[in-house]
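Dropping the structure in here first, questions after.
Labels A, B and C are assigned to the chains in the order they are written; within every chain, residues are numbered from 1.
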Amino acid sequence: MEKDLIKRVRKTVPLVHNITNYVTVNDVANILLACGGSPIMADDAGEAAEITSICGGLNINIGTLNSRTIESMLLAGKKAKELEHITVLDPVGAGASKLRTETAMRLLEEVGFSVIRGNVSELKTLWGKEGKTKGVDADIADSVTEENLDEMVQFAKKLSKKTGAVIAMTGAIDVVAHENKAYAIRNGNPLMSKITGTGCMLSGVVAAYCVANPENLLDATAAAVAAMGLSGEIALERLKKTELGGTSSYRTYIIDAMSNMTDEILEEGMKIEAR
Amino acid sequence: MEKDLIKRVRKTVPLVHNITNYVTVNDVANILLACGGSPIMADDAGEAAEITSICGGLNINIGTLNSRTIESMLLAGKKAKELEHITVLDPVGAGASKLRTETAMRLLEEVGFSVIRGNVSELKTLWGKEGKTKGVDADIADSVTEENLDEMVQFAKKLSKKTGAVIAMTGAIDVVAHENKAYAIRNGNPLMSKITGTGCMLSGVVAAYCVANPENLLDATAAAVAAMGLSGEIALERLKKTELGGTSSYRTYIIDAMSNMTDEILEEGMKIEAR
Amino acid sequence: MEKDLIKRVRKTVPLVHNITNYVTVNDVANILLACGGSPIMADDAGEAAEITSICGGLNINIGTLNSRTIESMLLAGKKAKELEHITVLDPVGAGASKLRTETAMRLLEEVGFSVIRGNVSELKTLWGKEGKTKGVDADIADSVTEENLDEMVQFAKKLSKKTGAVIAMTGAIDVVAHENKAYAIRNGNPLMSKITGTGCMLSGVVAAYCVANPENLLDATAAAVAAMGLSGEIALERLKKTELGGTSSYRTYIIDAMSNMTDEILEEGMKIEAR
């Protein structure tokens, strides 16, 4: 893994344009600031491309999409591509409705992305297989386990080759792949699924890390995935010491941990393995 | 009160589709996860009915509604009815504007609901009486007190008979009624009105509890109302021990308490009386 | 500085209509409640003017604007003016896109405001100078420093005379000006820029303070600005004692501090100077 990835984020404060859902938009903005970036949100066709052009990266998240914002996603996405900006796709709920599946496919085709981050169900949908999307969460039959890890790594590599993107497949074990190289990451814990937005937040962090480290998108993405999982671990240790603590404190602690994250903390805590 | 209501929620993880306002949408998602459910938000007409069909319940909240989302509410509502799903209406601000009043009335007529949760002003508006809605909060003249409790119970029963829904009328004292049966619930405290979204969050919890306990919607709704109030009480005790604590810590503590709620805690703490 | 400004807010509970961005809308609602006001959000043209008419003030924030909400801003703004309500403009990102700049200018012209709160870049854009807006944050070259303070005070006074509004220019040092009178305020700290929404929240507080103190908008605005900065200072002291604390705890602590703010705390802690 490359060195000083996080230092470069904190030093350059990458500006990331987010077209994202209104459920977790505040969390995405706050974790972007926490990880060292700077967020801007703009989802109207009247300004989407212009806002993208002043940023270094674009993070498109299709949760709570609508016809107005789909147009903005396409306009901003094409402008970002033209300017060779970092582009991240978070295909929230692809497979759960035709509108989301078709929009994700259209974005893949008409824009193309530097990184795609999703759960197994969503990524299977992008591949064209039937994903078993249960709402916005991956179906249990669709999770990454020690038993199917090899198969999942192969699938992520194939999807990367097909789309040209770094693939970040997140779940109990995370897989990050670019063409023939891949990492399995074992940070994080199940309580993270009991707060909304950990996936959306991670996609924002991926965008910031990649903008600051454009020479090595695979490592930048893997570092973001590990940093998010490690933040979840640090937060859980803190939560255990909090009398009467619960999931909302946990959410606060995760963002806190990300705001304190350094290359040194990450290097010591990350559980990453080349596959 | 029926037993094991909460156990059934945590065991079945009911998926609830929410078409709700953008002010408190994140809180609604997080409390749904905290109480044992699973949230999905989708408010575009292009996917609203389809998303509803993969869920067990639908929670419609008319705060910050607009013409685009009203259409989605109607489409999702009709699909949910057709599939005999649990449907919850939160008529936020009914009486504060013609648009909200008319939309609430239209939803009542064209959809029909399993449960309606609102403050006295909003429910009076649904009845056709002039409610004294002061913005999104009930007017003081419209609160439930020991003095007018009998009258309020009667009103809730009448509104239940008229609409066919379980009525959850929340305020200083909460009244939950279905036809000729009713409960008065005395959990909660006034500080809960100093954070936004306690009502919206409760409606989400009501939906999850009812989806998991479809045989007894009156008890499921009453349990949700009591669990929310009790979470407010537990949070207040914790807040008193927090140096420099204020309303934002209080919000966190309420969701924390809901995430730790069990049938045992509820049974011990709830102050409920059949009327 | 006038006395008892905050007491009047807590006593009268001013109802403020907010048409604001979906990134920080929840924070704005919560800080309005924390500071003693009452928030209502409504952004559809079908109810915007009607909702405004039941309120005492209107807070327009142009972050994440779109064609639908721009229309609502104009309708509500004109109604508020007609009723001589307090009107606050927060020109988030003016200068960052044509749509935002033009909308801000149009609102200035067609509505007019009691108070305008923004960073230097945004306010320069309103003046017609090229602001150096870097996304939604002021460019470093555009910050208020001890060196350029005199010049900035003069600029704020000129902008006040041109627009008729009290100007609240926020940054490292805050300047609040009305025609020939001005204050420089040195509360707050740089960590406040590491959470999203401190500016948006302040605009909400300004609206509440002004509605409750209509006789002296300059002092009411200055008190709101100082109260926000002081909340940031109190929160930072608390954060330093929080093991593993970070930016998300800091956000919580700021709103907590505002919920505990009194005239006495403000008078003791504010660092204000007439210029």
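Assume contacts are C-beta pairs under 8 Å (C-beta built on N, C-alpha and C of every residue); 3 or more make two chains touch, one makes a residue touch a chain.
All figures in this text were calculated on a predicted structure; none of them were measured in a lab.
In this structure chain A contacts its sequence twin chain C using mostly different residue numbers, the overlap staying below half. When the CA atoms of chain B are superposed on those of chain C, the rotation angle is 120 degrees to the nearest 5.
Computed centre separation for the pair chain A/chain C is 33 angstrom, with centres defined by C-alpha atoms.
For chain A, the set of residues that touch two or more other chains comprises 22, 26, 251-252. Remark: chain C residues 21-24, 26-27, 63-67, 93, 96-100, 134-137, 194-197, 243-249, 251-252 touch chain A in the complex. The touching residues of chain B, when paired with chain A in their complex, are 15, 22, 25-26, 29-30, 33-34, 38-44, 46-47, 50-51, 54-55, 68, 234, 238, 251-260.
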